[in-house]
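The following pair of complexes shares a single chain, chain A, combined with chain B in the former and chain C in the latter.
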Partner chain A sequence: MNKTQGRNILIQTGMILLLLGLFTYFGYNYLENISKRNIGIGFGFMDDTAGFSISQTLISYTEADTFARTFVIGLLNTLLASFIGIILTTALGFLVGLMRMSKNKLISITALVYVETLRNIPPLLHVLFWYQVVFLNVLPPFKESFKMGEWLYINVRGITIPSFIPQQNAHTYSLLIFVSIIAIIYLSLVKKRMVLRGVHKRLWPWQLLFLLLPVIAAPIMNPYDMVLPEITKFKFSSGMTMRPELFSVVVALSTYTSTYISEIVRSSIMSVPLGQLEAAKSLGFPSWKRLQLIIIPQALRTMIPPVTNQYLNLIKNTSLGMAVAYPDLTSVFAGTTLNQTGRALEVMSMVMMTYLIISLVTSLIMNWYNKAIIDKKGDLLSKEDIPL
Partner chain B sequence: MNLNMSLKKNMTFLRKEFFNTPLNTIMTLFMAWLVVKTGIWFINWAFINAVWTGETRDVAREGGATWAFIITKFRFFMFGFYPKEQLWRIPVTILVLSLTMIPYFMKQIQHKILVMGAQMILWPLIISIFLSGGFGLEKISSNDWGGLTLTFILSILGLLYSFPIGIIMALGRRSELKVIKGLSVAYIEFFRGIPLITILFMSSVVVPFFLPEGVSVDKMVRVVIGMTLFQSAYLAEVIRGGLQSIPKGQYEAADALGFKFGLQSYLIILPQVLKMTVSNIGGISISYIKDTTLVLIIGMFDLLGIVSPLASDTNWLGMEPEGLIFAGILYWIICFSISRLTYKVEKKVNELPTTGAIK
Partner chain C sequence: MIKDFLKKSLILPIAFIVMAVLFVSCGAKEAPAAGTETAAPVEESKSTLEIVKERGKIILGVTAGVPGYSAPDSEGKWQGFDVDLGRAVAAAVLGDADAIEYRPLSAKERFTALQSGEIDLLSRVTTWTATRDSELGVNFAGVNYYDGQGFMVAKDSGITSLADMDGATIAVQAGTTTELNLSDYFRKQGMELELITFEKNDQASAALEAGRADAVTSDQSQLYALRTKFKEPDNFIMLPEVISKEPLGPVVREGDDQWFDIVGWTLNVMLNAEEYGVTSANVDEMKSSSTNPNVKRMLGVEGGVAEGFGLDNDWGYNIIKQVGNYGESFDRNLGAGSPLNIERGYNALWVDGGLQYGMPVR
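And now, the complex of A and B:
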């Protein structure tokens, strides 16, 4: 063992001892403090009755349910807002990114103003703005709801649309949709393999057929019964209402994040070498094929890692919903449940671990997709290929 | 004749740029309609129908902004609930803080890093002495700090302290020592994986449990620590990106000159890294300043947080829109100027030589 190795071991052991010391010290203090204040320890509280109500739940929940259930409710609400937010922000981001690249000055400058205005304002302000200004100040009160036929009602309490009640054959219909999706994916894979083998056979009519199948089946099978929103004196007795909290969080975060996505989209498209476009032109690709087959696939590759980061930001930012009382994980569990039980450490570690896991899973999925895309391109030149 | 020609030229230009295809024509018309419509509405709301003077909400007019609210409450937006007679202490603090920046612009000072070290000790002292008082000055609890002042304090302290921690973590992540590397990775990934709100909760709810009995740390201090830990993880990743782009030859050359790790980082590697990452550092500083707004969730009244208590004044009920828009404009100005500044610094830094102490 030489001198450096010895020193390295010393440093690392010192580091570990230091951390252990800190942990023991804090742990000791913690135990002292909770025993003095009569707060229990451990996750036993999860089976106790929660006893508070939650304004929006995706699965059934009553005040008699346990704290464990409040965790699930909060998590599902976080996932719901993230899911809608990601879809909206992607669509909006692509649109604005392409608008920024438009030759039409009016369009590109409007897009630039959109990006520069929205992204220099804190996301929390976006959320509060949508909630307090748009919902509470601009939208009409309940009795004077904005109406579109019998279908859509907009007022301070949210946006109400018809709800769909599953009928007897709803399960069969879901199965049909599932089968169609699998068939379409399978056909795409088959097509990919055919192209690799040099076979060109049309498969898209079959895919179209499977796509249309559920659409055609819907009126015949009638799997869902549509119930129009019905107004009683003080509330809607039927229909589906998107509450202002969810709406504010989703719209605020999607518009805010879309400014970042649009910049990523723009710079990735611009990073595709001009030669690629010229080569595609000289091979006689029509303009939309050029975009679809040559430019976008190459741009996607540079786009995915930064876009993943933006998705993760959006997911973490759904916690801002707390400011407008959207019952997400942070607000329900780290807020109300923590206050009710007093188990600060247990609750906070659960919340943090959950966000960490969500981040990790999102990264994994995007990395996997990233790899799938890069594989399509074939091998990169390696050093051995260069004859020098 | 001349006029006719230029008119014709303009017409062709317009036709080519805005109306060359049916789709483009539709988009142009739609955009123009949208821009004009929102523009007119905004000018009406913000200027023509706006009210600038008044003492209560009764002056408010339909379809116009009530800027009178902002004007009467201006002091609170700037300084929070700091007592009126003591307000002079805030500009004095800011002036003294700015004075500590002078050494950065002095050519005689070789090692600017020492200046930064001095600031890390001086800034909290200056802030606590002048703003909290106690040394002959009237004592003012940090609960009364608020508005733009609080945003400013949180931002500068967080940005200052996150620098050394971020650099250490970035270097740690590339260390050959397994334990150091593991700990740095765990630190960075942990703080990047969780929302800032949970860290703020942790610092306001859980941290007191870890302190021995009788010891209490001011909420303000706990929040600054939490936010620094959060920001330094992001900074570490930016610096790591810079470290990765340094050619191996630079390390080898430094080794060949006999530089040990410390000197090698200080004289050769970090100056290049900082130069390369200026724009990213500017970017995450902007996000950090935007993130300081989250302290409103744990009950602190920063520039954004103060809107709601001010609009609950019985004289000014329901003035949230004006308050939020005013705060938004201030945030916009701050963030936009930093992004412009970053751009300028980046340009200037690129003219400097690549190596040598950070001067």
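And now, the complex of A and C:
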């Protein structure tokens, strides 16, 4: 151990002691204050009856359920908005990023304007815009819905489409779809292997068959019954409705975050050496093949870490849904539950821990994906093959 | 190379030592000083009264803007029924009704603000309930307004009573007793309900105005106030049913009986003043000429009631002179003299058949 190492250990120990001291001081202070003011402490309240209703619940919930259940409801709503948001923002971000690279001035300038306008507006305003302006002020009232046939209704209460009710064959049909997907993936892996070994054999007719199988089977097996939306006095008695609160949060956050993703996509593509493109050109790849096979795989490596950050931002920003009554974790648990129980420290620490865990898991998955992509080069070229 | 290394290895420890020294010195010198100012009630030695007197003003928690109860007027001066109660306490304690610093608080923030000592008094349409009294470390000092939870709907919706509302979407403010009462009521009646929970009452009423919700529910008093903000207030009506008791009143921190007494008795003085016909206009005359011993004690002409509270003898006089009696405050902010035009109803004095009853000042 040299001098610097010793010094570093000293510094770090000092820092840890300092932090521990701080925590002890605050903890002691807190306990002393709450006991003086007759405020209880502990998580016992989680088993008490919640007593309030929540507008959007993914699993069953009644007012007679416990605060523990409200936590789960809020968490699921946060995850739902994050999930839809991440998918939308990725698709949009890629599209706009590629549009900005286009040689067509109209397309690239449209993309530029999209990015520069949207990313310079705070996300809260995006959310409020979609809710207060679009839903509450532009869309027609409930009874005068905008209609497309009997299929689609759009009004101030949300967007309603037909729902599908599973019939007897539903399980068998799901199994069929699952098998088809597995078969298609398996066939493409086989194809890859064959290409590497220099064998050429047509497999796509088989893939097409598995793709068509569920489509052909659907009318024969009739696994789902489609139920058209039907208006009753206060709501649609059937059909599926996406509520304006969820819609506003998801659309606002995905358009906002997609501007950052598109910039990441653009700069990652630009970071791929020009020689790669030129080499691809000289080998006679058509332009979309150049992008698909040469450019994007290389760009992905630089893309993933910053994109992960944007995903985390999106997840954390779903808490802005509170401003438009979206019942997410922050609103339901850190909002209503906190207020009904008065347990600020317990509730807030739970919510903070939960966001932390969601973020860590997301990074973990993204890092795993990143590693998987980087490792791919090992298939073709291992270290031993490099003549050094 | 070696230079760089030395630099790098030295910067950290130096920064660390500087930080540590700063921290320790701050902790040693400033923490107790800061403690007396912000987290003062934690210190047993000082009562809220002493702190308020030393500071020269009361820090009052109010709503961020419910017309009639507490809202800033066009000149930015806070006005309203709940503000008046705070002003009366300031008049009683400091002799100056204007010695107030206002803290607008949302429903969610109010108890934490009071618990943590950020405010001295919460005068902000807050319902007195058992849980709040027992678990939140707060005390309700009285009831300045008897309210009940009502419903507002669009006139053309065809809804005329609660029975018409099975399956309706109702907007409500987050973290209120309203939310619980509503769920309880629908559960009891076996009716379906979709509840959308907003941060603020304004947002909830905006959802009704836009047609996102079929009804908005809150304490009736607040619904009247919210309706005045609508573009076309006449298109909205109140349903006849009232589904809860909502006794609203001033709240103080638990553990300071003296301060609790002062706030409660300030309200009693305002109620008694109305009962005995003492108003801000005639209080000077009453002080010199009244023969009613109750009035004499209240205005500090006779007896030593004030000493028991740790206040000056003219506290009652100051309240009525500067703020007025209960009836004056009600008329000015909520009643006939205001845009809300709410009936006295339960809030009439007991002698007029209402529930408001000022404890005797003797």
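FYI, the second predicted complex is superposed on the first by the 335 of 388 C-alpha atoms of A that agree within 3 Å, B and C clash if a C-alpha of one lies under 4 Å from a C-alpha of the other, contacts with A are read in each partner's own complex, and residues count from 1 in each chain.
Here is the rule we use: a residue touches a chain if its C-beta (ideal position, glycine included) is under 8 Å from a C-beta of that chain, and two chains touch if they have at least 3 such contacts.
Source: prediction; values computed, not measured.
Once chain A of one complex is fitted onto chain A of the other, the partner contacts of A:352 are limited to chain B, with no touch recorded for chain C.
By the touch criterion defined above, A:287 reaches neither chain B nor chain C. Contact with both chain B and chain C is seen for A:322 once the two complexes are overlaid on the shared chain.
Of the two partner chains, neither chain B nor chain C is touched by A:167. By the touch criterion stated above, A:338 is placed in contact with chain B and with chain C alike.
Of the two partner chains placed by superposition, A:188 touches none, neither chain B nor chain C.
In the superposed model, A:233 makes contact with chain C only, not with chain B.
Of the two partner chains placed around the shared chain by superposition, chain C is the only one that A:54 touches, whereas chain B remains out of contact.
Using the contact criterion defined above for the overlaid structures, shared-chain residue A:63 touches chain C, although it does not reach chain B. In the superposition on chain A, the residues of chain A touched by chain B in one structure and by chain C in the other are 8, 11, 15, 32-34, 36, 132, 136-137, 322-323, 338, 344. Residues 5, 9, 12-13, 16, 20, 23, 39, 42, 107-108, 111-112, 115, 132, 135-137, 165-169, 171, 174-176, 179-180, 182-184, 186-187, 193-199, 203, 206-207, 210-212, 214, 253-255 of chain C touch chain A in their complex.
If you check the complex, the residues on chain B that touch chain A are 17-18, 24, 27-28, 31-32, 34-35, 176-180, 183, 189-190, 192-198, 201-202, 205-206, 208-213, 286, 290-291, 293-294, 296-297, 304, 307, 318, 320-321, 324-325, 327-328, 331-332, 335-336, 339. Residues 3-4, 7-8, 10-11, 14-15, 18, 32-34, 36-40, 51-55, 62-64, 132, 135-137, 141-142, 156-157, 232-235, 244-245, 322-323, 325, 327, 331-332, 335-336, 338-340, 342, 344 of chain A touch chain C in their complex. Remark: chain A residues 8, 11-12, 15-16, 19, 26, 29-30, 32-34, 36, 102-107, 110, 116-117, 120-125, 128-129, 132-133, 136-137, 316-317, 319-320, 322-323, 330, 334, 338, 344-345, 348, 351-352, 355-356, 359-360 touch chain B in the complex.
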